[in-house]
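These are the structures, in C-alpha cells.
First chain A sits with chain B, and in the next complex the same chain sits with chain C.
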Partner chain A sequence: MTRILLKNKLDDCIVTWRNAGYSVLAPVKRNEMGSFSEVQKASDMSLDLILPERTIKDRFFPQTEPMIRYKISKQQIDTETMTPPDTKSVCFGVRPCDAAGLEIDDPLFGWDYKDQYWFKRRNNSVIVTITCTASDDFCMCTSVKLSPESTKGSDVMLRPLSNGNGWQVETITERGKALFDSVSVHLSDEKAETAALAQVPVRFNVEQVMEWLANPTSFESQFWKDIALRCIGCGSCTFLCPTCHCFDIQDEGDTYNGIRRKNWDSCSFANFTMHTSGHNPRNTQSTRWRQRIMHKFNYYRGKFGVNSCSGCGRCTRQCPVDMGITETLQAISNLPR
Partner chain B sequence: MIYNPFPMRVVSKRQEAPGVNTLKLEFVREEDHEFFRQNFKTGMFGLYGIYGEGESTFCVASPETRKEYIECTFRQSGRVTGTLANVDAGDIVTFRGPYGNRFPIEEFEGKNLLFIAGGIALPPTRSVIWSCLDQREKYREVTIVYGARTVADLVYKNELDDWKKRDDVRLVLTVDPGGETPDWQDHVGFVPTILEQAAPSPDNTIAVLCGPPIMIKFTLAALQRLGFSPENVYTTLENRMKCGVGKCGRCNVGSVYICKEGPVFTAAEVQAMPQADL
Partner chain C sequence: MGIQEQYRSEAASLLSSGEVKLVIGFGAGSTADRRRPLFARTGEEANRFVLDASCIANLSTYLLTEGLLSDGKKVGIFLKPDGIRSINILIAEAQLKPDQVVILGYAIENGQLTALEGRSVADFNGVNEKIRSLALPPAVQQDIERLEAMSPVERFQFWQDQFSKCIKCYACRQACPMCYCRRCIVDVNQPQWVNTSSHTLGNFEWNIVRAFHLAGRCAACGACDRACPVNIPLRLINARMGREVREAFDYFAGESTDQKPVLASFSKDDPETFIL
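This part shows the complex of A and B:
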C-alpha cells in the first residue's frame, strides 16, 4: 500500500502548509511565461507544463539579491545587512531536472566560504518533485545520467496516477516525510497504478564528450570557432539554466542611498572577464562558448565530482538562434577520435 | 554575511606616479583587525571598495611582517578606482579579504631571491620584498629588477631610493627606451633584456615575477635562458573578480580558480594552464 494524494485534496494540503507558516510555490503560467510563484490554491498552479520556462533556481538564487543597504551622510556611512526572509517554503511541482540542479550547485555555494543567501533558502525549503510523464524534443535528462524519475535534490517524489486523479507519494528525506506527515489526514492509502514515465531518448554520449573535453589539445581546437559562429552572446541560456551560478556585485542607487546587490551575470557577455587594462582573456564568442561547455562538463566535474548540467534542455529550447548545449555535445560525440 | 566588507579608515594617501596612488588604511573595528592579523600572508589579495561605487580587486601591497595597516596601490582607471583615488584622510572605504593563497616565503629561506616587476606590478612584489627584507637574515643575496615605461611611472620612488642605498640589496632599475629623462642614471631597456644583462645566478635562487602578461611571457623566456627552472619562478595572476571566494565564476584559467587556488603560482603551474585562456 502506498500513500496517495488526490488532486481534490491538494487545496487542503496547501491550507495546512500555509497555516504552518509555509509559502507554497508552484509553476504558474503568466503571459506565456511559466515560473515558480507563490500560490494560494491548487487552481493557481500550472502543473501540466512539461517544464516552466524559468527554473526553481530563481527562488534560491534570485536574479538580483539585495545584500547591503548603505546610507552616506557628511558624518558617516550607515550600512544594514539584508538577508533573505525567514519564510519556509514548499516548492511544489518541481521537475526532476530542476531539483537536481539545486543539489548540483550546493557544493559551489558551500566550498570553503558558505554563501548564506543560498543556504538559508535551501534549509528553509522542501522540494516536492513530480515525475515526468511527458517530454519534448529538447529534454535531455537521460543524456546526463538523470531520468524523468531521478530523485536527486528532491525531498518528496510524486508519481502521477494513470487515472489522472492524483499522485503516489514517495518521501525521500526526513524533511519531505515531515511535510507529508503533516497532511496525512488528507492522503489516502490505496493501491493505484501510476502513469507511464516520459521516454526521453539519449541525445549524446556524455562519456565521449567528457573524454574529448579532458584532452588538452581540445582546448584550442578549430571546433569551437565553427560551432559558436551563430552565438549572439545574449546570455539567455545562462539565465534559464538550473545550474548556472555566475554573478556580479554592483552598487545600485544614488550618491547617498543605495543597495549593494548580487546580480546574475553570464559567461556569454563580452565584459564578463574584461580586465581594467582592456585585456580580455575570453575576447570572442567562441572562447566564451568554450568556457561554458568546459565549465559544465569538465571543470565543475573536476572540482565537485558532478557535471554542471541536469538535462532540462532550456538552453536549446529557448535559444534565439537555435543553438544550445545539445547540438554542441552531439557534435563533440560525433568528432573523430 | 559572506560578502560584507570591513570598514577601513583612510590614514593617508600618497601619489606614486601619474594616476597611481597608495592608500594606507586602518581597521575601524578591532575584531576585523584581529582577523586580518591572524590570516594575512604575503601574496593574498582583497576587494577594496567604496559604497555607492562598488569593489575592485587588488593585492595587499604591505608585507605580512607589518599588519598594523593595509596598504594598497592602484591605477586610477574606472568608477571604483577613480573614486578611491579621490578619498581624503579620515574617509571610510571598505576591504574584503584577505583571500587566496600566498608566496611560501619560509620555503625561500637560505636561498637567493630575485624579484622582477614591471610598472604597476611592483605593489604585489613589494609585499614579498618587505616580508623578506624585514627578516633579512633568513635569506641570502637579494636582487630587485624593476622597470616601468617612463621614469615618472616608477612607483614607490622613496623605497627605491632606500633599496638603492642598502648594501644588502642589489637594485636594477630600468625604463623603456624613450622613457628616460636627461638626468636618468640607470638602465634604459625592456625588463627581459636588462634582466639578462644583469645575469643573476639561478643557483639556489627563487625568482618572483610580476607584471603585465606580455612582460611575463618574455621575462619567463629570459629566465629560462639564464637557467632558472619553472618550479623556482613564482608569479601572481590577476583576473577580473567579483566575489573573491570561488563562486562568481569568472576568474578561472582553464579549470584553475585564480581566487582560490591562486593568485600565486609557479611558472611551471602557469605553463600547465591553457595559454589561450590567460
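This part shows the complex of A and C:
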C-alpha cells in the first residue's frame, strides 16, 4: 500500500500548506513562457510541460538580487544588508533534472563561504519532484548518469498514476515526510499502477568525454575553434542552465545612494573575463565555449566530485544556433582517438 | 537537379577554385526540423550543406565575426531576401565590402524554394526593388494590429509583461546582424552607462536602447524573435520603429547598398516638428 495524492485533492493540499505559511511554487505558463511562479490553486499549474523554459534555480539564485543598500554622506556611511524574506516554500512539480541541479550547486555556494542567499532559501524549501513520463529530443539526463526518476535534490518524489488521476507519493527526506504528513488526511491509501517512465536515450559517453577533457593536450585542440564558429556568444545556455551559477557584483545608483546587487553573469560574454587593464585571457568565443565545457565536465568535478550538468537539455533546446552540451559532447565522443 | 544539390556543387566549386575561403550555409540540426549554421572550407564539407524550407535563419550576422573578413578574402553565404536586405544595410553602414561577399540566394514561398539569380551583391537589384513590398508573415501582421488596437495603458502592460521575462542573455543582440558594435553600450562599464540588473526596469532600459538603435536599420528578418529563449515577440517593436521611420522620412532600410543611413545623415528637408 502506498500513499496516493489525487489531483482533485491538490487544492486541499495547497490550502493546508499555504495556511501553514508556505508559498507554493509550481511551473506556470504565462505570456508564452514557463517558469516557477507562486500559485493559489492547482489549476494555475502547468504540470504537463516537459520542462518550463526557466529553471527552479531562479527561485534560489535570482537573476538580480539586492545585497546591500548604501547611503554615503559627509558624516557617515550607512549600509543595510538586504537578505531574502524568511518565507517557506513548497516547490511543486519540479523535474528530476532541475532538482538535481540544486544539489549540484550546493557545494559551490557552501564551499569556502556559505552563501546566505542561497542557503536561506534552500533551508526554507521543500522540493516536490514529479518523475518524467514524457521527454523530448533534447532531454539527456541518462547521459549524465541521472534518470527520469532520480531523487537527487528532491525531498519528495511523485510518480504519475497510469490512470492520470494523481501521483504515488514517495518521501525522500524528513522535510518531505513532514510536508506530506501535514496533508495526510488528503491522501489516500490504495494500490494504483504508476505510468511508464520516459525513455531517454543515452546521447553521449560521458566517461569518454571526461577522459578527453582531462588530457592536457585537449586544451589547445583545434576542436574548440571549429565547434565554436557557430556560437554567437549570447548567454541563453548559461542563464537557462539549472547549474550555471556565475554572477557579478554591481553597484546600482550613484556615489551617495544605491544598492549593491548580485547579477547573473555568463562565461559566454566577452566581458566575463575582461581585466581592468583591457587584457582578456578568454578573448575568443572558442576559449569561452571551451571554458564552459571544461568547467562542467572537468574542473567542477575535480573540485566537488560531480559534473555540473543535470541533463535538462535547455542549452540546446533554446539555443538560437542549435548548439549545446549534447551536440558538443557527442562531437567530442566522435573525435578520432 | 534540386536547389540543394545545385548550391552544394556551386559552394564546392567556389571553395575548390579558391574564389572564396569559406561558405556559410546550413547543415542538419539536432532534430528533423532544425537546421544549424554550417561553415565549409573545402569542397567535401560543402556536400554537407542542407537547403530546404527549414533554412529560415539570417546567417549574415556571421559575416561580422571579428577578424573573419580582415584578410580581404571572399566568403560565400546562403541568404534569403531578408538576409540580402541585411547585407545592403551593412554595406550602406560601411561594415562590409560588397566585393567580399558571394551570395547564394534563395527564396522560400509557400514552403517551396527557388534559387535567386546572381552571385555578387550588385546582381540583386531586382530583389532590392521588391524589398519594400516584402510582406511580414501574417501572424506577425496580426500581432502588430492587435497591439496597435490597444490603448497606451494596455500596450504598456503588454510590454511590461513581456519585458519582465527578459533575462538579459542578449541572444537578440547576438543573433542580429545590425548589432555589430564590438562593445555594446550595455557592456561599457567605465562608467557603467546602463545597469546590468535584469529587473523589469533594467529590462525596459535594455530593450528600449536596442529598439532605438535599430530604428531605420532593421531588416525585419525576425532573428531576435527566434533567438529569444523566453519568447518575447521582439520583432513587433522593430516593426513599429520601422514604420515610424518610413512615415517620417519615406525611408525603407536595406533597399540598396548606397542608401544614406537615415538617422545618421542630414537633409535640409528633414521634418523639424520636434524643434520648439
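Observations on the model:
In this text, the second predicted complex is superposed on the first by the 336 of 337 C-alpha atoms of A that agree within 3 Å, B and C clash if a C-alpha of one lies under 4 Å from a C-alpha of the other, contacts with A are read in each partner's own complex, and residues count from 1 in each chain.
Criterion: a contact is a pair of C-beta atoms (placed from the backbone, for glycine too) under 8 Å apart; a residue touches a chain by one contact, two chains touch by 3 or more.
Everything numeric here is computed off the predicted structure, so don't read it as measured data.
In this overlay on chain A, chain B fits alongside chain C without clashing. Applying the stated contact rule after C-alpha superposition, one finds that A:122 touches neither chain B nor chain C. Touch criterion not met for A:57: it reaches neither chain B nor chain C.
In the superposed model, A:298 makes contact with chain B only, not with chain C.
Within the superposed three-chain model, A:109 lies in touch with chain B and out of touch with chain C [touch as defined at top]. Look at A:248: by the touch rule set out above, it reaches both chain B and chain C. Applying the stated contact rule after C-alpha superposition, one finds that A:288 touches neither chain B nor chain C. In the superposed pair of complexes, A:186 makes contact with neither chain B nor chain C. For the overlaid pair of complexes, the smallest distance between C-alpha atoms of chain B and those of chain C rounds to 5 Å. On chain A, the surface patch touched by chain B in one complex and by chain C in the other comprises residues 248, 250. By the touch criterion stated above, chain C contacts chain A in their complex at residues 29-31, 34-37, 39, 57, 61-62, 65, 161-162, 165, 167-171, 173-175, 187, 189, 192, 195-199, 202, 223, 226-227, 229-231.
Contact residues on chain A toward chain C in their complex (touch as defined above): 30-33, 35, 53-54, 63-64, 137-138, 229-230, 232-236, 238-240, 248, 250, 252, 261, 263-264, 266, 269-271, 314, 316, 318-324, 326-327.
Chain A contributes residues 67-68, 70, 72, 76-77, 79, 81, 83, 108-109, 111-117, 216, 219-220, 245-251, 253-256, 258, 260, 262, 265, 267, 272-277, 279, 281-282, 287, 291, 294-295, 298-299, 302-303 to its touches with chain B in the complex. Touching chain A in their complex are the following residues of chain B: 1-4, 7, 51-56, 75, 77-78, 81, 92, 212-213, 238-240, 242-243, 245-255, 257, 260, 274, 276-278.
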